[in-house]
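Okay, so chain A shows up in both of these, paired with chain B first and chain C after.
Right after this comes the complex of A and B.
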């Protein structure tokens, strides 16, 4: 769809969904991880790992599906490092997550450098070969529906996957025994252990799941939305995901609403930045004197404000961020 | 010849440091044989960014080969750390240290006050400071020509400019672009927006917002995020519709006319020939002619130039457009056109 043929509301809604998709994907994984008591602030690094893995493998093989699969596996592999240090090694989750972000930053830059050198030495372009990146996938006649068609049925493949995954995880968390175990792991691992549940094994699985989701979110950015890789291309979206999980009060519905809200404000600020020059409305022209930084801040300020209001009186999983079993101090 | 140090690895734990350093060594190579002249380039971002920093690395390597000099490139140096890095190079008797970006002006000034025998230069800034040379890339002139071309290409009378950050050299490009466009059509609209240097997704959605608002010519200066803009233009041009007209995009800093994403819709690029600029300073150092002060890099010395896409000449770029662009170039060189400072 050419944006020039869309009305502004449809365009904004479609942009909102596109911008929210990687946040939803990574958010689902982070939500599950946090429900089990593990806060993975290395989600930004996991997403970046997914970006580079997807791009280089899709670029080298010419197959986007291989890139996507590698991104998920790479996300899980790096998440395994985090799980090994924080769950098995009981290291501090915040410090380990920070180290993970730095590791991913250095590692992705190094892999990107190696990839570029290799392609150039073989007289190959570093751009994705034709067909290696994904385009939007229209869902038959549904894509021709007014408004809803372009917004929900003409999106990238991972959007549909994210919707299905969100629904599945919501059902599991809300209605199944597995969901009860996941929630109990974050609130009372002692009880879980008393019931014979292997706390650390379950937490490992949750962190690996989060890694896979974040890897897929990275693949979305590099081989679906843009067909490009740039160092630091996640631009802090992993940290936004952390905030959105809190914003959503550790619920799937809240998380998705938060992602859509953040995506909407971001899309709106970009359209406003343009419309203040191109619109016929005087009120928008008056915005020309507003520094562009104000527009750029809008999504973050709005998210912060909403976070401050909505996260009150909801501390989240009681054992969030604490190792298991907890350290005991001998007097 | 290059030796890449990757300071990003220095914050982590010892294990991570060793791991990354090992990989960096594989990627970046090792110091080459001893050479008489030693040149260092300090970059604020990643040298694999596909933009400004990578262009600087490529340019300095080219200079190294030309002068048979030893070259060292260090990436991700914050202005706060830059003074120490520059002093380290001075202690290692480097002949020339170039801070690649306006943010290195103050650190270079401080380091130059103590760096005996080492010469310091800073690229992308036009301010004179004691003991250092600054390379002022005036892209406003070729951007003016670009504006002329854009105004003639546009069917909607709406142009857009996307920058990575509102830093002086980028804003100068925007000013030139607006002045050039308004010289053809005084009522033309030029929207401006700033996104990021390294977030293609953000620059793509900004370009899509431009296109949705009827903008049909986009001038981008977003470095590594450029692919996002190209992708947006490609997608728009793929779905032109029965009465649609194409959206065009301009390249910046490097010649991006043959980019693989939408080269057929990239009529021109504003090019900064960093290798030429760096070589000039390095030669001055080599021949003991180095003079502190501002070096004006512009159309006159062929460092900042407009490059038209030869494949689009005669089709997208008509003869009238070529004549108008060339005329604007002549008038700029003759000093008949002055681009407003603000």
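Right after this comes the complex of A and C.
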């Protein structure tokens, strides 16, 4: 569908959903990981890992699906590194996560220049070959619905996957004993141990799941939404995910609401940036003197403000960020 | 149904259990008595699969078993109620039980589980709201959830590790018939405790452990309390009593000679509300403590004790009334615990949270209130030589058993941790002493030690306010006794009033 034929509202809504998709994907993983008591600060790095893995593999092989699969596996591999240090090695999660972010930033930059060199030496373009990137996939007749069609049923394939995954994880957390275990792990691992639940194994699995989700979110950014890679292209979205999980008070509904809110502000500021030059309204022309960085800042400021206002009085998982088993004294 | 034969367990060179043999019948309540460190916990951990014995065999239902993990213990039908509850506070009662009692990842098995839970709650004459989060339950209710959880997972043997340590007296009174009901349903119950009175009320047979060895097994009726205590700690030991610490008439403090010294600590018409328009936590409380006396405050936990203590410490401000520290020289600040010149020594209820810094050394904990004063500090620098000297004195004087003064306090046993607190708070001879449940969680020997120290401080002329939920200990060493009920304080005519009268006042029926 051609954006020119859409009204402004539909366009904004569609951009919102599109911008929210990677946040939802990474958020599902982070939510599960935090419920079990592991705060994965390295989510930004995991997403970046997904971006570079998807882009280079899709570019080299010409198959988008290979790129996506590699992104998921790469996310899980880096997450395994994090799990090994923090869960098995009981290292501090914040410090390890920060190290992971720096590692991913450096590594993705290095791989990106190696990839560029290699492509240029073989006289190949660094742009994605035709067919390697994904395009939007309309869902049959549903896509022709007014408003809802373009907004929800003419998105990238990963959006539908994200929605299904969110529903699945919600059902699991809410209605199954597995969900009970996940929730209990973050609150009272000692209870889980007494119930014969292998605390560290489950935390490992949760962190690997979060890695896969973040990897997929990265792939969405590089081979679906933009068909490009740039150093540090996640631009802090991983950190926004951390904030949104808190904003949503560790619930799936709250998380998705937060992602849509952030996506909405983001698409609004992007539209405003263009509209101040192209719009018929003189009011918007006045904004031309405002530096574009101010617009880019808006979603983050809004997220911060929302976090400050709305997220009080919820402690979250009680053992969040604490290693297991605890260091104890005899008593 | 359960038979342990020659179980031994060593931690390094120390024998935690030495050739322990124990047998248990269906429908019986078996008590395991012993001091802290006698090996009770190790024995329980072996039965519940948290530790493995070095030698010996375990037979369950006539079959030899190896209990390698809690899961295996549960499969055998062994359920355990830990001293520190293993409950997830954010989950509901039902979810907590489901977590422990259901296998498999998908179905939490609600309907079938509710049926199983109701069978047990009916037997216990208890009707809990299964959809309530555990965080909203009282300590006694949480323990019942633990018991029901253990019954639902196990169903043959129920182990309770110091179950009454956290309960108020009335909750203890409810627990005993509940456990009898459990035994009557054909379960075997193993009851671990160091409180004689409860074991005598509840158990048919007992095993007494001392330093990892069984010193007695058999019917409880054959021994009296004194004999049991003797077996537990090796030597005959008397509970300290005020009467044994009365001085010859000439040297007695003025209080004992019938003269009224002015009160050192006084509360006049003190009232506290939970919030602006909220319930009265303390209402019009009048209280005085004189030099050389122990004023005991009896009461069931949760009747305003915590509030009273915090008022005296200056941690909460009463809406009405005054807290007066008798001597005008006893200038009182809002946080007397930090004020080194404060005349107040305080033994708080929760030593691990309010009195000690567990990772710090014994020496550092002993110096916590005085490190920045002369002679322990010079121009803001620590004089470690003086620290060492003083802490060595205190360690000797208060018989703190630790490898050396640099050992982290967290590595010591509960009794020795409490001795560190007592040494710090009483070692500098404060004029006012506030002691809150000072023997909580301590064994007979350590309790006696703490009570003796309070009596010694009394002889030295300190004014002591003792807030204690153990009525027997309280009555043994108090000159005067008041009862706190529902935020109101009423003085009794102790020692003329009887124990029963005071007990009735504690329950608000007198």
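Here is the rule we use: the second predicted complex is superposed on the first by the 307 of 331 C-alpha atoms of A that agree within 3 Å, B and C clash if a C-alpha of one lies under 4 Å from a C-alpha of the other, contacts with A are read in each partner's own complex, and residues count from 1 in each chain.
We adopt the following convention: contacts are C-beta pairs under 8 Å (C-beta built on N, C-alpha and C of every residue); 3 or more make two chains touch, one makes a residue touch a chain.
No experiment lies behind these values; they were computed from the predicted model shown.
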item: Fit or clash - chain C, chain B, common chain A; value: fit
item: Contacts of A:18 with chain B and chain C, given as first, second, both or neither; value: first
item: Contacts of A:194 with chain B and chain C, given as first, second, both or neither; value: second
item: Contacts of A:8 with chain B and chain C, given as first, second, both or neither; value: first
item: Touched partner set for A:251, first chain B, second chain C, both or neither; value: neither
item: Partner with the higher number of touched chain A residues, chain C or chain B; value: B
item: First (chain B), second (chain C), both or neither touched by A:137; value: neither
item: Touching partner for A:65 - first (chain B), second (chain C), both, neither; value: neither
item: Lowest inter-chain C-alpha distance for chain C and chain B in the superposed arrangement, angstrom; value: 28
item: Shared contact residues on chain A - chain B and chain C; value: none
item: Residue ranges of chain A touching chain B (in the complex, touch as defined); value: 1-6, 8, 11, 15, 18-19, 99, 102-103, 105-107, 109-114, 116-117, 125-127, 135, 221, 225-228, 230-235, 266-267, 270-271, 273-279, 292, 296
item: Chain A-touching residues of chain B, taken from the complex the two chains share; value: 6, 8-9, 11-13, 16, 19-20, 23-24, 26-28, 45-50, 158, 160, 166, 189-194, 196, 198-202, 204-206, 208-216, 224-225, 227-228, 231-232, 235-236, 238-241, 244, 247, 259-261
item: Chain C partner contacts - residues on chain A that touch it in the complex; value: 175-178, 180-181, 183-184, 187-188, 190-197, 318, 329-331
item: Contacting residues of chain C [partner chain A, same complex]; value: 69-71, 74, 80, 82, 86-91, 95-96, 98-100, 102, 104-109, 352, 358-359, 408, 410-414, 417
